[in-house]
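Order as written gives the chain letters A, B, C, D, E, F, G and H; numbering starts at 1 within each chain.
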Amino acid sequence: MKSPLIAIVLGSDSDLPLIKSGIESLKSFNISYEVRILSAHRCPDEVRKFARSASKRGIKAIIACAGMAAHLPGVIASFTIVPVIGVPLPSKMLKGVDSLASILQMPAGIPVATMSIGEPGVRNGILFALEIIALNNERVKRQLIKHKDNLRRKVLEKDEKVATIFS
Amino acid sequence: MKSPLIAIVLGSDSDLPLIKSGIESLKSFNISYEVRILSAHRCPDEVRKFARSASKRGIKAIIACAGMAAHLPGVIASFTIVPVIGVPLPSKMLKGVDSLASILQMPAGIPVATMSIGEPGVRNGILFALEIIALNNERVKRQLIKHKDNLRRKVLEKDEKVATIFS
Amino acid sequence: MKSPLIAIVLGSDSDLPLIKSGIESLKSFNISYEVRILSAHRCPDEVRKFARSASKRGIKAIIACAGMAAHLPGVIASFTIVPVIGVPLPSKMLKGVDSLASILQMPAGIPVATMSIGEPGVRNGILFALEIIALNNERVKRQLIKHKDNLRRKVLEKDEKVATIFS
Amino acid sequence: MKSPLIAIVLGSDSDLPLIKSGIESLKSFNISYEVRILSAHRCPDEVRKFARSASKRGIKAIIACAGMAAHLPGVIASFTIVPVIGVPLPSKMLKGVDSLASILQMPAGIPVATMSIGEPGVRNGILFALEIIALNNERVKRQLIKHKDNLRRKVLEKDEKVATIFS
Amino acid sequence: MKSPLIAIVLGSDSDLPLIKSGIESLKSFNISYEVRILSAHRCPDEVRKFARSASKRGIKAIIACAGMAAHLPGVIASFTIVPVIGVPLPSKMLKGVDSLASILQMPAGIPVATMSIGEPGVRNGILFALEIIALNNERVKRQLIKHKDNLRRKVLEKDEKVATIFS
Amino acid sequence: MKSPLIAIVLGSDSDLPLIKSGIESLKSFNISYEVRILSAHRCPDEVRKFARSASKRGIKAIIACAGMAAHLPGVIASFTIVPVIGVPLPSKMLKGVDSLASILQMPAGIPVATMSIGEPGVRNGILFALEIIALNNERVKRQLIKHKDNLRRKVLEKDEKVATIFS
Amino acid sequence: MKSPLIAIVLGSDSDLPLIKSGIESLKSFNISYEVRILSAHRCPDEVRKFARSASKRGIKAIIACAGMAAHLPGVIASFTIVPVIGVPLPSKMLKGVDSLASILQMPAGIPVATMSIGEPGVRNGILFALEIIALNNERVKRQLIKHKDNLRRKVLEKDEKVATIFS
Amino acid sequence: MKSPLIAIVLGSDSDLPLIKSGIESLKSFNISYEVRILSAHRCPDEVRKFARSASKRGIKAIIACAGMAAHLPGVIASFTIVPVIGVPLPSKMLKGVDSLASILQMPAGIPVATMSIGEPGVRNGILFALEIIALNNERVKRQLIKHKDNLRRKVLEKDEKVATIFS
């Protein structure tokens, strides 16, 4: 595989189903990526090593997904200037309100870009990474515009179908 | 002025003091920018025109700051594939919890990158935009690494000073 | 069908079951209506076109239902002076607290009337639209008074039935 | 004074400053109105009498503003089919989150239209009432369109002014 | 049946299962009671009639249980000086946080005693009513002391049983 | 002083200003009372002694006011069958949401009657205690009815005054 | 069994499944413990007796788990200077937010160490107690270091496995 | 100074006033301590070095105080088995609810003991550390018992004083 442009980091392999749809997007955009399982609390040295090397390895965006006291995106951001996108995953009790606070409320100086809670957030995190890549890649840019137009078309099709039901 | 690389959009000119520190960063990084006052609810057509033209005009990131039912970042994102960074501004009563929800919880397909609430969020939004630019700009990259190191040094200086007080 | 007096707009066709009971009310009140599937984020131009034409087409009230960062009611309200009624739909994680904030906290100048979260809110939104129509329609007025009296009777019947159980 | 078209009801005269700006709108729109101080908990019989007579007296919309366990809009709505608009006023401790829940979460069958918390909500409640009146009043309609355009112009003026500062 | 000392009022007969355990307590304490289905929003006149007559009919405590914008306890309290105990019932979306605010945050002058959310609250509301009756009824007082001692014994039995498991 | 009928217990003497208005009510109702400073966490044995003796000493209601992890009402209730009324006092950070949860969410079997947060809650707690006493005291009953009527009159006076301003 | 070093106290035996995994840790660390069922509200005297004797009996840490208005950890802490660790258990409606506030917000002077909500909190409470014991026990210290290393290894194994899936 | 037994770590020197009272306790208990200014996000390598060496240096407890997305306690805990006590400091907007979630909701395996929000939490964190030391230090144990008794005496003195005011 080519050297990855995007890295997706999960705190646990039990979260793998949440990235399935996003991975498919990456494949359809033909963008190289890597998936890592790393825990800010259980293997902090490996997280540091990963974050430190990201820039040199050519990573353009890191999507870090974590639940509860979600330190993963913030800890990665403390070691790199590569854009870090954080996705709060829902916890059993607080439904992601805890992970949201832990990811969102970064102090001035160490930015993390937070996406919406759970699976839609993972998909948007990957799309946002593609938007970053598109700034210097005409092919990805054209594909994103087409993708956006497809979203629009699907809604309009539904709108037409509903019009026939209620008339 | 050069064609702007970063656009900062505010819903109201009363929020201008919040971007002061961030604008100074942009100047010290020597990055061209523009500041706009646009309201998703009061001048939707101008917002649309702005968002539609952003990509062609060479804008690399849009930082949209808004309070209450903060639609500005999401409305801009609906019209462009340029990365949109949303900053929830604190409202009088709900202290930004309302604007946070309105910015963060974007549906899958239309990503907005949310920063922390208020002034630290504006600063981080601008830093995040610089991280995006740094991906293809060695000068900005070096400056960001230096900036990060400066943050570190300041903490260490305070740590040393405190050590003398409590020994 | 006659030219519609009421428009119900949904962000997604998966929300159609939520409006079933409300549609039946509209039929029993013999009020013409239309149902649209439109997304503020995915087809903003169509939303604008719809909102812009509502007044001329004789629409008396627009009931816009949306979840998560629910921009639909606010975006419609930015383009029209027809009364816009917003219904926050429950999202998976935040249970509609996010959509509530996005709909409720409109800035001064662009009003949206918010109803309770979910299905009861859709029903109340439609009833509220009928109350607006009743201001200039004696038949609808009489039917609303009768409907209100029916609600009362049903409670009193239950009260009587319970009295027999517990005596 | 002419028979009022709009009634504004407050739970306490200490809230009068909150309606000042809204009253000025009503005057500029030349719409007759009345202001009442009525408490759902302290004078329930007078609230009932007021609500029962509203329709016959030609009231087109009731704007009820209340704090804490804000029962006023819901109690009025239980006695009338005139559109009731509820404005949650901020309480000292819970900042209007309590009054919001009490006004918003009406059960199916008795709609109340909730506006944003506090002063902006009062202004929007009055604007929303004007939108209802405009449905059958061409003069008010034209004035509302003009008012909306003024809001837009004010933002664009600020946008221009800011452009000169930052160029 | 004897003239009731305690009245339990529900907003809907679908809530009857929640009072089952409490009714059994009342029977075991041999205290006369009545159960009513009354809605503050759907039959306000009947609620008023009920509340107005409570004192004369010898009611010593009214336990009013309601969900969503739970006005029932507050509306009853506005018409009587008989102690009103409010129980917030969980709504589908906000899990009783909405009904809690609507019941708890009564303004100074019209007290409502709020119990915990849902079924435990109903049981405690009935127990609290029995504590009020016990102030002037030695038999009920002795039974309450015994009941409290039984609660204690049950815990101690479990504590002993657990001791054998873990030794 | 006569043997007290009502006991007001505060966790700290810094809360004394909050009970001033309530104490005046008690004096105007000519009801004997006592005020205690007791902390569930700092002097648990004294709390226990107080609660254990309350019934024998003829106390008819205990109003316990506490902030933060407000254990005072619940700990008192664990030792007595005298009605315990809890008032959540606002803490600096969480504004009484913490004390509310600690007082309200009592498990089935040990009821505590919760009043609104802060000073209005103290006043309502004392009024609620008077309602309990009124059940067997005709004089207090008549005074409570008069007090309720006074509240009503004051609102009506304000309503009349406002009518003159806005006509 | 040896005299226990750690005491785990539950408010109800229905919570026993939550401590299963934690008990296994204690066995693998070969640390003596006891499990008690005690309720702050239902058997306050037994709670007091337990807490008073803990220090003399050689208990090094008390892990108290409780739900709703969770007074158990705070009441125990009021009677002892042995470190008290509180675990908020999720309640049916408020999902542990109520018990969290009741445990966390202890006033200055009576510390309780709060762990995360539910089962992970019980496990962490026991691990934290082992960290306290490890301060003076080299064997436990070595085992904790090994345990921490095992957590790390498990993540790294998953990371390697995922690498093979996505390459 | 002697080798420190307790370490207090702050994310910023602006938080020093919050630890003043706690430092005085440490002096009165004659316990050696150190104060550090360290930021999990700005100097992660120094935090790691500090945490890694804590056990060897004889530190018995680390009290880490942080605001917003408060990673400091969790990051320290990821590198050591010395007991880590986290104190959530109030942020400007979210008043410490954000830092609370970030500190409290640690995943199973990496415990952090959370104290109440703000200054009372700092004092309790230090007291809790003293309770840990007291387990193997008879002098500290006696002092803690005396300290607890002083807290009790102060309440009882206030109780007596209040008794004279209200009799």
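The rule is simple: a residue touches a chain if its C-beta (ideal position, glycine included) is under 8 Å from a C-beta of that chain, and two chains touch if they have at least 3 such contacts.
Because the structure is a prediction, the values reported are computed rather than measured.
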{"item": "Touching both chain C and chain F (chains)", "value": "D, E"}
{"item": "Equivalent of F-G within the choices A-B, B-C or F-H, defined by over half of its residue contact pairs recurring", "value": "B-C"}
{"item": "Centre distance in Å when chain A and chain H are each reduced to the mean of their C-alpha atoms", "value": "36"}
{"item": "Chain centre separation in whole Å, for chain F relative to chain B (CA means)", "value": "49"}
{"item": "Approximate Å spacing (C-alpha centroids) for the pair chain E, chain F", "value": "19"}
{"item": "Sites on chain D at which at least two other chains make contact", "value": "39, 42, 68-69, 94-95, 97, 104-107, 109-110, 112, 116-117, 120, 151"}
{"item": "Interchain contacts, given as pairs of chains that touch", "value": "A-B, A-C, A-G, A-H, B-C, B-D, B-H, C-D, C-E, D-E, D-F, E-F, E-G, F-G, F-H, G-H"}
{"item": "Footprint of chain B on chain D - complex, ascending", "value": "90, 95-97, 116-118, 120, 151-152, 154-156, 158-159, 161-163, 165-167"}
{"item": "Partner chain C, residues of chain B touching it in the complex", "value": "11, 39-42, 44, 48, 67-69, 71, 74-75, 77-79, 91, 94, 97-107, 109-110"}
{"item": "In the complex, chain F residues that touch chain H", "value": "1, 12-13, 16, 23, 33-39, 42-43, 46, 68-69, 92-95"}
{"item": "Complex contact set, residues of chain C against chain D", "value": "55, 60, 81-83, 85, 100, 104-117, 119-120, 123-125, 127-128, 131-132, 134-136, 141, 144-145, 148, 151"}
